[in-house]
Amino acid sequence: MSFHTVEHLDAAPLNRDAMAKLVAEDIPANSFVNLGIGQPTKVSDYLTPERGVILHTENGMLGMGPQAVGDAIDLDLINAGKIPVTELPGTAYFHHADSFAMMRGGHLDVCVMGAFQVSAQGDLANWSTGGDDSIPAVGGAMDLAVGAKDVYTMMTLFAKDGSSKLVTECTYPLTGLGCVSRIYTDVATFILENDAVYVRETFSMSVDELRSRVPVELLTYS
Amino acid sequence: MSFHTVEHLDAAPLNRDAMAKLVAEDIPANSFVNLGIGQPTKVSDYLTPERGVILHTENGMLGMGPQAVGDAIDLDLINAGKIPVTELPGTAYFHHADSFAMMRGGHLDVCVMGAFQVSAQGDLANWSTGGDDSIPAVGGAMDLAVGAKDVYTMMTLFAKDGSSKLVTECTYPLTGLGCVSRIYTDVATFILENDAVYVRETFSMSVDELRSRVPVELLTYS
Amino acid sequence: MLKIAQSADAAVSAITEGSTVLIGGFGTAGQPIELIDALRRHGAGNLTVVNNNAGNGDVGLAALLGAGLVSRIICSFPRQVDSYIFDDLYRSGKIELEVVPQGTLAERIRAGGAGIAGFYTRTSAGTPLAIGKESRMFDGKEYVLELPIRGDFALVKAHISDGMGNLVYRKTARNFGPIMAAAANASIVQVSEIVDTGALDPEIIVTPCIYVDTVVQVDADATHGKAKA
Amino acid sequence: MLKIAQSADAAVSAITEGSTVLIGGFGTAGQPIELIDALRRHGAGNLTVVNNNAGNGDVGLAALLGAGLVSRIICSFPRQVDSYIFDDLYRSGKIELEVVPQGTLAERIRAGGAGIAGFYTRTSAGTPLAIGKESRMFDGKEYVLELPIRGDFALVKAHISDGMGNLVYRKTARNFGPIMAAAANASIVQVSEIVDTGALDPEIIVTPCIYVDTVVQVDADATHGKAKA
């Protein structure tokens, strides 16, 4: 794929919905996709049926439909975030080992996950902040990280203290090595390819400003 | 289990049907059983429904019924020997990996297989005579040998040249190590337990005659 | 041969102190609440529990933990918004936790039922969860050696059983049930309906009866997955 | 996205010289005869074929071998009463044979589709088929390390597909189909019927559409498994 780096200097930083919409637009038509718990779930709101994207949920379902409301709520039909969902025509159910075989075996085209940190090499940290007091809980994140053909991540680019979450080396416990191919943030989107990090778009700030705040070499598409 | 060794000196050597009947009588009620290709298939003729024995066939079926005849023949419904069979109430179908997981995972109570040789330690040789010209073909024999809780074998005790097929060490290529627990032959039945070989019954010959022709220490139950 | 128990309490009565118990469910979907409640009343302690989570709210698995009967839990995602009972036990050092990536957990349970003594997966390679585990390169990538998980008992929730113990499940409540039933020495299954043997199409059976030891029918309303409120 | 091919010949047209082709079936049950015949007409040679057997009589897989298109076969049971075409090729050194215990063959194919780089099985430990393979002790017993099998293509016979490629099978014709579909880069499936998406109950689908690339409907009489004579 080839891009031109675009700076949207007058745009506001993206909110969560705008980020989800951007991710949804980038997911190839007719692909098999897993959306992680939390923010990535929102991506499904922007996947129109014509796109033919088929959603996998780790708890044993391919062909997941929108969130269930009212009488459609069935506590035997939930997604990975334990939210009641619906089934679409062509849905299939399977047990957990088969579900993760599907994931680990490289059959999913894209997964979208939240991130605490992503390194310039595509290392992902999104399951633990490593605090002594934190209870470790990984779920399916490590399986998704190694299994999906493409791993897209969503996060705000800067932590509350202003530090960049796109880093030279992750300081938080790793989820997977060299697995991330795209990073969607509120102020920029990045593509990781050829062992380098490219800026694809910026929102509200220039590439130069990004470079001043992100400790990773940022290339641009010409 | 405890037995008394019985010598049926006046009996004729068992034919294949009589051997199959003996095996069938020894299979515990309500057990899950796999009958190997060839002679062991005959055992099913002597398993009455009241016994509640459930037959597994390696090609993906639990609850196999009798051989199909006439209009009941369906080429999509065959046993491991590729003979058309029928299904009983409570049958389940599954794919090959699941079928052998069932076997390898130790869930079958008994399997019955033919044998070329069995050693005093319970080693089994039943897949190749090791001739240079022979085409190797193992099928599911090695999986059954390690998977079933009990492996019963059926064979004539003596080869055409008069040599014993119950041996100190198998000379034919092995199928599995230390897996056989019972040996049914035309002239005697043996139980392998506590690292020893016990004669349970003889047909047409005495224990002493067996001892003179079989190069393995034979114990008797008192 | 299938035992049909007359109550959930009868179904779990053979579970002994110190057992490893595989408990199905992903959150509350597929969680065999009635069997877990019976196990709590039964009172066998020092249990090792294998479940994807570590309980929600103060019912089911959470209540079992709360009763102090579980000394060790193997799961992928203990920390949830309503896992406060586990959280307290963990922080006060009253329960041992082994966190396993979810797919590795499922595959280890499958291996336990399938006679696989170990397998190599890329999952967790290079992460803290691989520390202390053997790893090995295949085709230039690092894989971690993972070992099977088996249970003395499994508690599973299915939808329908026939008279022999053949099972079908319902929607995403299937999750860990089939692999746990296969990986336990004795599987105890709660269903909302028991039908005559032969009433289930042989093509649709998910768990063949060979993996099922005890079945108990529980109140259908409680197991059909509808919201109760 | 599912391709629905208009003929078996069109369905196999992308298979190239030197490919590894997983071919379903146990004997003739589940053997995708029409796809194999099309592959023979297609003529791509130097194939590696993975199948439980090595052909029966002079049709289907046997005919593919007879046409000289297969240089290597991986199977568990080549020698059958009517495997004379394979027997001749083997004895004259025209085909390479790898014999694998049937359960190990199935598990290696499953591993290929499931991202497992290797697994330990007791099957074949201490036998000639373990020679040259790594082995290792677990709990005092010897286990053999086995590696995954993947295919460039899989040829599978199923019973019904929906419009997305979700599959159900028929009786023991299911055999290797589901695991081969999952272990191939491109799966080509012949079915006797294609139904509307949504017409199959989601609970009974055996192969989810993610594992299916191309479906072709062939003459139903030939695939319903009834004796033809």
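The first chain written gets the first letter, and so on, giving A, B, C and D; residue counts start at 1 in each chain.
Heads up, the rule we're going with is that a residue touches a chain if its C-beta (ideal position, glycine included) is under 8 Å from a C-beta of that chain, and two chains touch if they have at least 3 such contacts.
Since we're looking at a predicted model, the values are computed, not measured.
Taking A-D and B-D together, the pair of chains sharing more C-beta contacts is B-D.
Chain A and chain D have CA centres that are 36 Å apart. Centre-to-centre, using mean CA coordinates, chain A is 29 Å away from chain C.
Chain C and chain D have Cα centroids lying 33 Å from one another.
Multi-chain contact residues of chain C, defined as those touching 2 or more other chains: 107, 110, 114-116, 121-122, 169-171, 202-203.
The residues of chain B that reach two or more other chains are 87, 93-94, 100-101, 103-104, 146-147, listed in rising order. Screening every pair of chains for touch gives A-C, A-D, B-C, B-D, C-D. Here chain C touches chain B in the complex through residues 1, 110, 112-116, 162-164, 166, 182, 197-198, 202-203, 205, 208-211, going by the rule given at the top. Chain A makes touch with chain C in their complex at residues 57-61, 73-79, 82, 87, 93-97, 99-101, 103-104, 128, 133-143, 145-147, 173-177. Those residues of chain C whose C-beta lies close enough to touch chain A in the complex are 26-30, 52, 76-80, 87, 90-91, 97, 99-104, 106-107, 109-110, 121-129, 169-179, 206, 224-227. Chain A contributes residues 29-30, 32, 52, 54, 56, 62-63, 87, 89-94, 101-108, 146-147 to its touches with chain D in the complex.
Chain contact summary for the complex, chain C toward chain D: residues 107, 111, 114-122, 136, 138-139, 141, 143, 168-171, 201-204.
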